[in-house]
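In the two complexes below, chain A is the common chain; its partner is chain B in one and chain C in the other.
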Partner chain A sequence: MKTLSRKQFGYLCLTPTILIFAIFGVYPVLRTILISMFRFRLQTGPTKTFIGLENYIRMFSDTRFFGALLFTLGFTILTVGCEVVLGLLFAQMMNLPIKGQGVLRVVVLIPWAIPTMVSGFMWKFMVHDQYGVFNQILMSTGLLDSFIPWLSQDGTARFILILSDIWKTAPYVSLLILAGLQTIPASLMEAAEIDGANALKRYFLITLPLLKPVLATAILFRIISSFKVFTVIVALTNGGPGYATESLTMYTMRTYFDAGNYGYGSALATFTLLLTCVIALFFTDVIKNKIDAGRRGTR
Partner chain B sequence: MKQRNLICLFLLVPAFLFSAGTQETGKSKEVVLNWYSHASSLGATEQTIIEAFNEQNPDITVKVIELPEATNDKLQALLIALQSGDSSIDFFNADVTWTATFASAGLIEQLDSYMLESERKEFLPGTIEAARYQGKLWGIPFRTDAGVLYYRSDLLEKHGKPVPKTYEELFAIAAQINEAEGGGLYALVGSLANGEGMTCNAVEWFYSNNGEVIGSDGSIRINSPQNVEILSIMVDAYKNRLMPEGVLSYGSGDARASMFQGKQVFMRAWPKAYAMGQDATKSQVAGKLGVAPLPKGPQGTAGKSVVGGWQLFLNKNSKQKDAAIKFMKFYASEYAQKLHALNDSYLPARRSLYADADILAKYPYYSQFPSILESAVARPQSPYYAEISAILSAEVQNAMKQSKSPSQALADAQKAMMNVGK
Partner chain C sequence: MKVIRKSTIFSFYLFAVFFIVLIGFPFFWQLLNSFKYERDIFSLTWFPSAYTLENYYKAFTVRPLHEYLGNSFIIATVSTLFALVIGSLSSYAIGKTPIKGKTPILLVVLSISLLPPIVIINPIYTIIRSLGLLNSYTGLILVNILFTLTIVIWFLTPYLSSIPVEIEEAAEIDGASPAQCFMKIIIPLLGPGVFTVGILAFIQAWNEYLFALVLNPITIKTVTVGLKMYEADNYMPWGTIMAASAIIVVPLITLVLLLQKRIIGGLMTGGMKE
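For the complex of A and B:
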């Protein structure tokens, strides 16, 4: 038997992964892109009519699509923005050499460990107009004289969705950042301190720049998953009131599965994919630099 | 050595799994039917019915396979399976709104030759109507449902008020009672959260005011003066806090909770809420609930309930259609429907059971249903039902939360519905 070279052996080991990825990752994506160029509906049976880019053209005159796109973008920017700021804060706190540090790190993670559907229902109870704790507190402190229907108004429904997502995911971001913080050598900080840099200066000139690759990864992860928001909306508002909290993913799912409009649904999915890829491209530079730096370090 | 054991284990586990499967079917020449169902009260009733069926048909085994809890998830699971040509599903429970979707996609078997006209006459007309699409029969109904009005009989009696016949009367009575009781009561509640609950309520409002959503010729007729009128009445009621502030996010459970906590004078709900409301451990209004037909709008002739309920569809690709039909008919028989009515308070789809002494002894209010169901309306029958319903629900909510006027919302709904399917 001929012995394989090191490189060949590496590829051999990768074959199963590549196969699985091709079957379950690449093929469905390519097929979705293909279907997006057909008129293809459940109701009209298995016949597909090629219509080129018509589904995409239709998208740009679809007000419901624009509503969903704007909501998704707003949701993503606000949740990711707040989560990063809070994450930085929490990470600093968890990095302090205090008693009970271990407990603190576990406790902070609890919201993230709760299944989204469950935490969604928890929030639904808390913001219930009649017996929710939000309204009860506001009423008993005299700030309100009638119940706020949190999930029945556009603005408050969006606010609650964003709040619940931040509550749930900020801990995850803080944990990623904490890992980054721990790689910063203490000697650097001591040197800066001796040179007379105050805490604020040390934070902005040393900590933050060194956290950049970790932050970029965290933000990328969060943007991508925030962009696909679905579960928490199902639990809290189901897209309502009206279409006020319908996300891009939710609209896609409803078009594809509920309405059985496979052609247009695929076009919506493809659009979401392209947008996610564009966002990811912004971050590849930073992340690639990090990997390169890592390589240089080990050599 | 250790490694070999591990490999053996990997080989043995699937072998066991498969051998168990073949043993069961290889016993004799018996037929095994797969029934995709949703089990009631832990499936006890279904099992009893299957056992009774087996006494007459020992050669047919019926396996119950449970579907997901939510109706939309059920629909997705079934559509995906049937579209891929899966023949392992023989027949399945289907919502009344699915007929056009499954029939137009060619996924289910037509049942005209299996159900004689005389057999169909034994069912309530609304249930057979919901099983028809383009003049053909596609399902066998086994359970029906209709929206009804619940009222606080104690409050109406105390203040000497009649059960309202119109929505204006309903809101006026509730406002007077609320004032006399010193506040804290809402007039009406229903499951108005975005989705199917909102659609059912809105369809009832429209038809109770002589309006329509889709005409019998298939034309879209949602933007009519009658519909605008009744929607304006509802918007005003919501604005004036005659409905709970958060009602636009209420599912049927939230609506029941508000009623059962004694915060409502009236509630629109399905009949199954009655049994729950009489349970004193779960409801503060046990023994104080009345059930009546829905009120009508100013231009309506009668309050119209939406038909809900379930039927059985036969998979076009099933390889045991005759055996399946045998069981499907048995499941829709008087015996089976009576059992479900007594055990699970399902509303029977058969006329005769509304005069059944055992059922009436347990649920006296069932005697009202033949007349309610006789005039009940089906939800819009269209292969594109899911889209029609989503538009209806969202636009009515837009009017309710006052981001659009009722006439604007219905005009937009009309426009959007006319584009559905294009």
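For the complex of A and C:
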């Protein structure tokens, strides 16, 4: 048998990945985009009628869709914003050369490793209106006069969802930022100090600019991940009260599997895809860096 | 080394205590309440005089938690193993062989790792149904491979690209084929990297909910789907839910504590999850 050249062997190695990506990634994306241009419902059987952009036009007059979109955007901005600010702060503390840092780095992993469904239930239990420890603590410290039904009011339900996401993810973000901080040479900071730059100035003129690539990567991945929020909502509020905490993913899921409207569901899913692409366009540097890292072996 | 002021050290420890309490409290509260009688849970007694294992007994008898655990374990393990094998082959192809189209391939890998699952859920449901694989191990494993594979490729490709090509060239001069090079040289070098990324992929697959809900709603339920089953319409058996959660989480936390060095290293060198 003739031995394969390196190039041929390379293509052979790549085949399984390409098959999986094509069947379970690329084809489903194209299929969703296609179906979004059809009237296609479970109730009317397998008949699909081409209707062009009608499903998209319907979205403009769908208040439930706008509610879900606004909630998802608000959730994404607030969670990612808070997580980055807290992450920067935590990472700064975790970078101090003081004994006991190892413990912090391990503690940080706990919320990250817990499945979202489980952490959702932990929070649901803590904020329960009658026997939730959250109410008890707030009352005993005098911050509250009476128990609040956190998950049955629009504003507080949203607040708890955001808080639980920050609890779960800010520590992880701080670990990513810490990795960036550790690549900044100490000599650089010392030189700036000798030149008379105070701590605040050093932070904004040296640390932050050098952290930019790490921050941009973390922010991109966090935005995308926050934007597809679903599981934590299932655990905590199921979209309620009313539709107050229904995310885009949750509304799309219900359009598909509860209402059986595959055409309109596909249009909603395609909209999510488009928004994701728009977000990614703001981070072309990150994408370029990631691809270069794969090609050249520099991280 | 720079001298650190006493006040800095003091505020660090203050911060550390605050941080640990804040992060650890929900987990601590879950564990504590999983051992309480229902009356103590409902009366918000922090440290009651009596504790019980009843909740743990119920967690396994009210619902088949052992089955959920087994299913999740099988699905997460098998999809991780497949992703590791397929992913290291691909990383080798991208990182070390002179194939064409590396940039488009990497772009597809990145796009899939950023892709919101909702975009593909319905066609995937249709594919898996037409293959007769709803409520099976295979269907969910196949879909899990898609996302764990991207983690593996992202992690291993830069790692492989940075291994100097001379090592393999020397072997090729001695008459080794590319396949032999991969088996004899690359695989041993990959060892630690594969292990680290394997943990990250396993955790991703273990925690997955959306596809598990849609593809396996009736049988072969995973832990994330199963946990939701304890909820009744007008009654929340909190003690049982907390016990079930503890059982789901404790092995995971143990794993994380045992392998913390590798996981931290893995996350910090760019193993971006989700």
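Keep in mind that, in the parts below, the second predicted complex is superposed on the first by the 266 of 299 C-alpha atoms of A that agree within 3 Å, B and C clash if a C-alpha of one lies under 4 Å from a C-alpha of the other, contacts with A are read in each partner's own complex, and residues count from 1 in each chain.
One rule holds in what follows: contacts are C-beta pairs under 8 Å (C-beta built on N, C-alpha and C of every residue); 3 or more make two chains touch, one makes a residue touch a chain.
Keep in mind that this is a model prediction, so the values were computed, not measured.
By the touch criterion defined above, A:F257 lies against chain B and chain C together after alignment on the C-alpha atoms of chain A. After overlaying the two complexes on the shared chain, residue contacts for A:R31 are found with chain C alone; chain B is out of touch.
Of the two partner chains placed by superposition, only chain C is touched by A:L175; chain B is not. When both complexes are overlaid on chain A, the residue A:L143 reaches neither chain B nor chain C. In the superposed pair of complexes, A:L200 makes contact with neither chain B nor chain C. By the touch criterion defined above, A:L151 reaches chain B but does not reach chain C.
In the superposition on chain A, A:G10 contacts chain C only, with no contact to chain B. Once chain A of one complex is fitted onto chain A of the other, the partner contacts of A:T237 are limited to chain B, with no touch recorded for chain C. Set side by side, chain B and chain C differ in how many residues of chain A they touch, and the one touching more is C.
Residues 128, 130, 257 of chain A contact both chain B in one complex and chain C in the other. Residues 72, 75-76, 79, 83, 101, 104-106, 193-195, 241, 244-249, 254, 257-258, 261, 263, 383-384, 386-387, 390, 393-395, 397-398, 400-401, 403, 421 of chain B are the ones that touch chain A when the two sit in their complex. Remark: chain C residues 1-2, 4, 8-9, 12-13, 15-16, 19-20, 22-24, 26-27, 29-30, 33, 41-44, 86-87, 89-90, 92-99, 102-103, 105-110, 112, 114-124, 126-127, 142-143, 145-146, 149, 153-154, 157-163, 177-179, 182, 203, 206-207, 209-210, 214, 223-224, 227-228, 236, 238, 241-242, 245, 248-249, 252-253, 255-257, 260, 263-264, 267-270, 272-274 touch chain A in the complex. Residues 41-45, 124, 128-130, 146-154, 157, 237-243, 254, 257-261 of chain A are the ones that touch chain B when the two sit in their complex. On chain A, the positions that touch chain C within their shared complex are 3-7, 9-14, 16-18, 20-21, 23-29, 31-32, 35, 90, 93, 96-98, 100, 103-119, 121-123, 125-126, 128, 130-131, 133, 136, 167, 171-172, 175-176, 178-179, 182, 186, 190, 217, 220-221, 224-225, 227-228, 230-231, 234-235, 248-249, 252-253, 256-257, 262, 265-266, 269-270, 272-273, 276, 280, 287, 290-291, 293-299.
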